[in-house]
Amino acid sequence: MSGMTVDLNRVGAKGALAEEAEGKWGMTIDMDVCTGCQACVAACAMENNLSFVGEEDAGYGRTQHWIRIERFWDGEFPNVKTNFQPMLCQQCGHAPCEPVCPVFATPHSNAEQLNLQVYNRCVGTRYCANNCPYQVRSFNWRDYHIEPNLGNERDVDGAVKIVFPLHNQFNPDVTVRRRGIMEKCTFCIQRIHKAQDKAKAEGREVEDGEFTTACAQACPANAIVFGRIDHEESLVSQLAHQDRGVKHLEELNTLPRITYLKEG
Amino acid sequence: MAVTSKYFPGAEKPHEAHHEEEDDPRQYLMYDPKPRGEMNAMVMESMHATSWKFWLVLGILVFLVVTCFFYAWGYMIAEGLGVAGVMRPSYWGIFLVNTVFWIGISHAGTFISAILRVFKAEFRRPFTRAAELMTTFGLIQAGASIFMHLGRVWLAYWLFPLPNARQLWPNFHSPLMWDLLAITTYVLGSTMYLFLPLIPDLAMARDRSTGWRKIFYRVLALGFRGTEGEWRHLQTAMNFFAFAIIPVMFSVHTIVSWDFAMAMRPGWSSTVFGPYFVLGALHSGMGAVAVVLFIMRTTMKHMDYFIRKEHFDALGKLMLIVTFAYSYFFFNDYIVQWYGGDKWTDTLLHWLEEGPMAWMFYQLLLFNIILPPLLLWNKKIRETPWLLALIGLMINVGMYWERYLIIPVMLTINRMPFTWKLYEPRIEIFLTIGTFSMFLLFYMIASRLIPLVPVWEVQEGQMTHTLRKVGKAHVPTVSEFE
Amino acid sequence: MADTTLLAVFEDIDPAAEAIEKLHEMGVTDDNINVISGVPIAHRMLGRPHPHTNVSRLSLGGAIVGFAFGAFLNYGTPYLYNVPVGGQYITPIPPGMILLFEMTMLFALLATFLGVFLDSYFPNYRPMEYVGEVSDGKIAVFFKVPEGDQKKFTDAIGKLGAESVKQAEAQQL
């Protein structure tokens, strides 16, 4: 074996390059400071026009959250501790969801190193969601944003009409998804594009910290940090390379872009 | 030994008179020939004879198809998949259970008509067509179930490799694409394979019918007369189909299994899934053939001449062999998963044996692995049509549970314990009733329109089988004409 | 020489085979004899030439076309609109095998089916020479004889056990 050398840059599934595995945009989530307040969940829903599915469907496992706080109880009562684990699309470098889509509705962006979801291409086979080890994809089971049961009855000029107050705060930069298609966290790609457009107009590259995702913006404890993982000096990059940094389900070689900072 | 005494009547115990009678070779269809004209008349009459019971059942099925298939599906398309029970984590539910189940049923037809034709198993002759019809109609239901499963079924044509302005073709990395192409091949192949041997029988029916039936058969018989050339082209084609459709059949269910096995999931990611699914398909398919033959024999006129004890006996033996093969693969899959001790797989296995769906798992063991060999070893049981049909039904219930366990129940357990939740079927139940009704409806209509028994093949078989006198016994002999 | 077509109906293969032999002796060539039966009868039982068929050639042709089509789907179409997925190659070889196999089989089966239609001139709804007894298992032998010799042939074939020998008529099937 002495004559054989292994190029460590090439170790990885299907000949992937390890430097590529870092990606472009990255995120760190500090489990030590996460309080499980769900502000990120709410901010994400506002930013990305997520549907409100109603009590019954939410209870049945059809919540439309691109980020969720997984709460685990540790220990037996009364010595019990809660652990919170925010879970969102890991923007895998080797995403298991991508190759299984028969219509290329979830391709990989080489430029941004992100998993894309093309809403108007999706036919709803739901294979991607099955194959996602993180279970972070959410499906539009109904037309929730126009579901009559979820609106309010209002008297408009003498006639009873169903109105949806949330329609008034839709983000114009994000599509409202109809029934039968899959969706997932995009790393707020509309914000990435906005920043890129601005940077391009000013003839420069996007700087780290110029913008952030809705969840990171809303986090009161600054547990979520987003930025250029490919810049060594960026905050997210420095946090990610701490000893505390772990990748979720790393053994599956999905090359996630999100680093969890374990409780230290 | 039953086997030797069957071929040498009276050889073992010549003093027992009843034995002599029991082993009369004329109990076998091939040694009990009738003139072709008489057989034609019997088959024609079986198509014409309908009682009020037939129309009653037909009416109920039409009602069920309209309400449970078309209305329920239309409602689901209009409302979205929310009316079904699929959710996170069971993104796939009964629709795909039905797909796998129907594709499994369809395997019986090909197995009987192709593999038994290739190996010249003579008992196949009277019921090849009945089995092939199951293939075609089962695949229609499988296809319908796949489309039901889609979130936006009105865009299903995007799955087909069609030229388009953007030059964006389907993703051939996806197991679903392989599946689509394999099932398309199988549907077209098996339908053509059903039609080719049917042409001479349609010509026969054309010569003996009047009115609208005459027009129907004339159009479908394509002007077949039975010249030497026509027979030769037909036989060359049928021979090619018999060989070519076997690998297609194996590939179809293997690829269906890959839809699961290719996924990165505990329980699914298994290399033995291909053959395990193929054997599972044959297991349920053989059972379904037994049920169909029993229904044909009891409800249709003259079918007791064509479908006899010997056929149930032979089918029972096939079922027995398939049960053993299926058990082998079942054990192979589960023991490897169990021994591996992977955390998630381990959780999954505990979920199967102790979870709320454990009853399904134990029924599967009982119906598919334990009971069939215990019952089918007995010739008396194999030769009793209603008992064999009951065993067939039992196997199919078990196999349905097996697919149910593999899809929604195994999907419950994934690597994110926070999302674990048990699937509850909702509108899927109606749609399942709808697909079953449609299958039966198609079968009932077909039984009145196309000769279910391939008369020319039966006659061809009877011509090659003769009883030769050797010493004092009549020995069955088979000659090869081809 | 104006020919007329005679039709002899036989119950069994043996007399039919003898009749065909007799026809050969009387100078009727195989091209002018046509046998129609309700079950396939091997050509050598009747002493007839081996009927030619193009079906297997067409199957092979279909298989080649299907292989090419499968290759186009798997190794051609991805380059028309390049979409990277899951770190896999644009045109991976193992899934390509599946496509090649399925398309080869599909086109081979379609070509075989089409071959039967082409070789047998199906569908054909024109009136043809036919007798309904054929589907009852009888064997009908059609043969062309010179106009004046009808009687001679009718007698000769009748003696060999034909159920009936008569002028063949084209009928709407």
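By written order: A, B and C. Residues from 1 in each chain.
As a convention for this text, a residue touches a chain if its C-beta (ideal position, glycine included) is under 8 Å from a C-beta of that chain, and two chains touch if they have at least 3 such contacts.
Treat the numbers as computed from the prediction; the structure is a model and nothing was measured.
Student: Please indicate the chain closest to the centre of the assembly, with centres calculated from CA atoms only.
Tutor: Smallest centre-to-centre distance to the global C-alpha mean: chain B.
Student: If you tally the C-beta contacts, which comes out ahead, A-B or B-C?
Tutor: If we tally the contacting C-beta pairs, B-C comes out ahead.
Student: When the C-alpha atoms of chain A and chain C are each averaged to a single point, how far apart are the two points in Å?
Tutor: The mean C-alpha positions of chain A and chain C differ by 63 Å.
Student: Report the inter-centroid distance (CA atoms only) between chain A and chain B in whole Å.
Tutor: 45
Student: With chain centres taken as the means of their Cα atoms, state the distance from chain B to chain C in Å.
Tutor: About 30 Å, centre to centre.
Student: Mind pulling the chain C residues that touch 2 or more other chains?
Tutor: 83, 85-86, 88
Student: Name the residues of chain B that each touch 2 or more other chains.
Tutor: Only 168, 171, 173 qualify.
Student: Quick check on chain A: which residues sit in contact with 2+ other chains?
Tutor: Residues 96, 99-101, 104.
Student: In the complex, go through chain C and note every residue touching chain B.
Tutor: 34-43, 45, 48, 51-53, 55-56, 59, 73-74, 77-78, 80-81, 83, 85-86, 88, 92, 95-96, 98-99, 101-103, 105-106, 108-110, 112-113, 115-117, 119-126, 128, 130, 132, 134-137, 173
Student: Under the stated contact criterion, what part of chain B meets chain A in this complex?
Tutor: So the residues of chain B in touch with chain A come to 79-82, 86-89, 91-92, 149-153, 155-156, 158-159, 168, 170-171, 173-177, 180, 259, 262-265, 411, 414-416, 418-419, 421, 424.
Student: Write out the stretch or stretches of chain A touching chain B in their complex.
Tutor: Answer in residue numbers: 57, 60-63, 68, 70-72, 85, 87, 96, 99-104, 121-127, 129-131, 133-135, 138-143, 179-182, 249, 252.
Student: Which chain C residues qualify as touching chain A in the complex?
Tutor: 83-89
Student: Write out the stretch or stretches of chain B touching chain C in their complex.
Tutor: 35-37, 40, 161, 166-169, 171-173, 178, 181-182, 184-185, 188-189, 192-193, 195-196, 200, 203-204, 206-208, 218-219, 221-237, 240-241, 244-245, 247-248, 251, 255, 456, 459-460, 463, 481-482
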